[in-house]
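The structures considered in this document are given below.
Next come two complexes built around chain A: one with chain B, the other with chain C.
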Partner chain A sequence: MIPVCLLVELPRGEAYRLDIDPPVSVFHTDDGEVFAIDDTCTHQDASLADGWLEGCEVECPLHASKFDLRTGAVDAPPAKRPVRTHEVFVVDGMIYVQPSTEAPNLPPCIAARLAGEPA
Partner chain B sequence: MTSTSLPDSLITTLPGSAYTDPEIFAQEQERIFEAMWFCAVRSSDLARPGAFRTVEVGRESILITRARDNSIRAFFNVCRHRGAKLCTEETGEVKRAFQCPYHAWTYDLTGKLVAAPNLTKMPDVGRSEYGLVGVATREWLGYVWVCLAENPPPFDEVVQDVVARLGDTESIERYDIDNLEVGKRIVYDVKANWKLIVENFMECYHCATIHPELTEVLPEFADGYAAQYYVGHGAEFGAEVKGFTVDGSEGLDRIPGVTEEQDRRYYAITVRPQVFINLVPDHVIFHRMYPVAADRTIVECDWLYLKHVVESGKDVSRSVELFDLVNRQDFDACERCQPAMSSRLYAKGGVLVPSEHHIGEFHDFVQERLGTGSSQ
Partner chain C sequence: MKTVAVVGASLAGLSAARSLRGQGYDGRLVIIGEESHRPYDRPPLSKEFLTGAVDEAELALEADGEDLDAEWILGTRAVGLGIRDRSVRLADGRAVRADGVVVATGASARTLPGSDGLAGVHVLRTLDDARALRDDLARGGRLVVVGGGFVGAEVASTAYGMGLEVTLVAAGPTPLSGQLGPDMAAAVSLLHADRGVRLLCGTGVRGVTGKPGEPPTTPWTAARGSGRGRVAAVLLDDGRSIPADIVVVGIGANPCTGWLEGSGVALDNGVRCGADGTTSVPGVVAVGDCAAWYDPALAAHRRVEHWTGARERPAAAAAALLSGGTAPFTPPRPPYFWSDQYGVRIQFSGHAAQADSVTIEDGDPADRSFLAVYRRAGHPVAVLGMDRTKLFTRWRRQLATAAAPVGTA
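Right after this comes the complex of A and B.
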């Protein structure tokens, strides 16, 4: 489990970008729920933590793909593949993330970089 | 004087080239429109956060919007990445951010760079540092004024033009222009140099000749002395005239702050470099000029009335018609002059008669700004 930040440090409607590889973003919704998904949009290299949070959905700031924070599913294109979701625990006011063991769906440019090819 | 001396009654205008030379126009853009406060948009045109307008100020395109906290923001309309024009529309509304159509650099309503492809891989790219570059803004009389100068002059310069005309600021505040509503807007595309339009607005030597309808409403205009000739003077409506309308018929509800002294009078103010304001008891006519070339000027004119007058759908057409007619008569006259500005005959310019002599101050102002000084 990876510690993220104190719950009180993350106001509702905001996101925290956890700088691990690949990065994870943690959202505190307006309803007070906390979700974690991969931070990188599956369409191109954009940070979803910089996106627009609405209800249980985040809209990518670059080309407006939407992802469901609960499932990682694509709710609106152009992204085609879902983002991974990660388990979130809040213990004594501290947010923790248990990273998923599935393979991430990274956008082509990042996947290529990770594979050591020129992007 | 360079050539013949003039009779005492006459003083010279600017030379013809001042109205035609693209280089002089470029200097005016730099030293006047990009250096002074410039009246850009009506604040109510930016009704909600994300509503925007783009305007040409001098040689620059400026993007003006309202941020989430309702504050007005103005930026150079230039993407910080590789210079694409960020907003190509003249007016519109974005939901949350401005996105460059080229590589999708995305700026929030305060100009901050909030997203870009691969941005998180470039943590050394400051989001404010590479945000949109702002320009100074002020709201006054319900309009957004911008100044592109790095060190804007005090806004009081603008206010002083009103004081010079009316004698004080209270006189204009009584019209509550901030809270009036646009009842009608007409945009004129005038094929004339902006200075011809200013000069025309400043004098009334032409009134009896080209404005028969206006002269019916304001009989003293037949003397040729503009309201702008005297400080604090408003031209009085004719005895038979009921309102400031094309046929002298009843106007709309009088603006409550207007005093007895100001009632049934017409005041005209030039706010340098590009605004004209007309005050009558029931409405305000507010002109903004956008000089686009040495021989072309866009004039955007608002007719402003009390909110309830506009909201109740009252017929304002007779008052709009009067000044629309006056504008078209004036702009026709300016367009008639423009071609002659390049005539050999007009190389040294023309002459101003005594009722036009105050236009000389405007010429001094232009020459001072350009650092050309007068040759007299």
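Right after this comes the complex of A and C.
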């Protein structure tokens, strides 16, 4: 498990980007729930932590794809593939994330870069 | 409602079809498209598609396994609408009778008079246009971009990155001056100058010339057909001649509404619509680039030729169609668009023309990274960000929240 930050440091409606590889964003919804998903939009290289959080849905700040924080599913295009979700624990006021062991759905430009090709 | 025909198979048409199904419509759904392609995403056509970083398969808008239970009629243009029986007449002679019609026929690129049939002269609107331009850009050489809108600025950026020598010709004081207002457009245009892309602003274009031996092409000597040789130069209004191996013409688009003329559907620079996409004819709604929706914020009808409008607005139009125009609706969010140029993210939301002041709220144009807020009488009406994604999203959300009273049709 990876410590993220104290729950009190993450106000409702805000997101925190955890700089692991690939990065994970942790959202504190207006209803007080905490979710963690891959931070990188599956469509193109954009940080979902910078996105528009509404209910249990985040809209990519760039091209307006929407993802369900609970399932990672795409609610609106242009993204076609879901983001991974990660287990979140809050222990003694501290947020922890258990990273998923599934393969991430990274956008083509990032996947190409990781494979050592020009993006 | 037993049959709905969606005329247009790009983002707006697909979004309308998805909204209809999402809102419970389970009748016959016919999607008609002039192009032979399934719905595809156009923004990459001026960027990653040209460089080869994004291929055609990645442009597909439909998700794997997505099934709208629709009949697709592709590669066939609609040529007329009979409003009495709401029949859509097709170019191949067929007709599709429907109870509801969604007009999503988009817009077509304006061309430079006299450039027909001259190799090396391109417009950029469709996948086929982009394929042809991609192949030409791969040859390298001198590119002249005519037009200071998004297509022009983005193609200039992409081609610069591919190693071409680029000149951008814009009629306004700078590229994007109409969209961003002159001051902020000047700040964003520094991106071109930074890279050594040549900007020629404040001048119109008279025409293009062919290679020596080819007849000159000007608006008054327009000739159709192919085999007229290759472009050699762009002629400016001020008499200058700019040598060119490739020319991209990005001077706007005209709404594809000719097929509706005489049908009874009111047209006025696009299909004239209410703030929910309803037209002058019951059972006919319009979405996307061809639709001039009433914008309460402007108290005027306006075509919004942006991706997000084509994606978001069809939900309201589908609801209006299924309810006969009685569904309560939320006015659309303020226009939002993005542009990627030279690796910099430019984002804009709202209406620049309404503003009486613009202030830099964060960052500095000198660093090519800033956020600017446009205000009218002290109230924010638009926001512009250059590489300020997080802050931009907050402002965009604030603009949308301030502008979203719930109304009824």
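By our rule, the second predicted complex is superposed on the first by the 119 of 119 C-alpha atoms of A that agree within 3 Å, B and C clash if a C-alpha of one lies under 4 Å from a C-alpha of the other, contacts with A are read in each partner's own complex, and residues count from 1 in each chain.
The working rule: a residue touches a chain if its C-beta (ideal position, glycine included) is under 8 Å from a C-beta of that chain, and two chains touch if they have at least 3 such contacts.
All values derive from a computational prediction rather than experimental measurement.
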item: Which of chain B and chain C A:Pro99 touches, first, second, both or neither; value: neither
item: First, second, both or neither for A:Pro22, with chain B first and chain C second; value: neither
item: Contacts of A:Asp45 with chain B and chain C, given as first, second, both or neither; value: first
item: Touched partner set for A:Pro82, first chain B, second chain C, both or neither; value: neither
item: Which partner reaches more residues of chain A (counting touched residues only), chain B or chain C; value: C
item: Chain B versus chain C as contact partner of A:Val74, first or second or both or neither; value: second
item: Chain B versus chain C as contact partner of A:Pro61, first or second or both or neither; value: both
item: First (chain B), second (chain C), both or neither touched by A:Pro108; value: second
item: Shared chain A surface residues [contacts with chain B and with chain C]; value: 46-47, 50-52, 61-63, 109
item: Touching residues (chain side chain B, partner chain A) in the complex; value: 96-97, 99, 104, 106, 114-121
item: Residue ranges of chain A in contact with chain B within the complex; value: 17, 23, 39, 44-47, 50-52, 61-63, 109
item: Chain C residues within the chain A interface of the complex; value: 41, 43, 48, 53-54, 58, 60-61, 63-64, 307-308, 311-312, 336, 338, 345, 347, 389-390, 392-393, 396-397
item: Complex interface listing, chain A residues touching chain C; value: 46-47, 49-52, 61-64, 74, 76-78, 80, 108-109, 112, 119
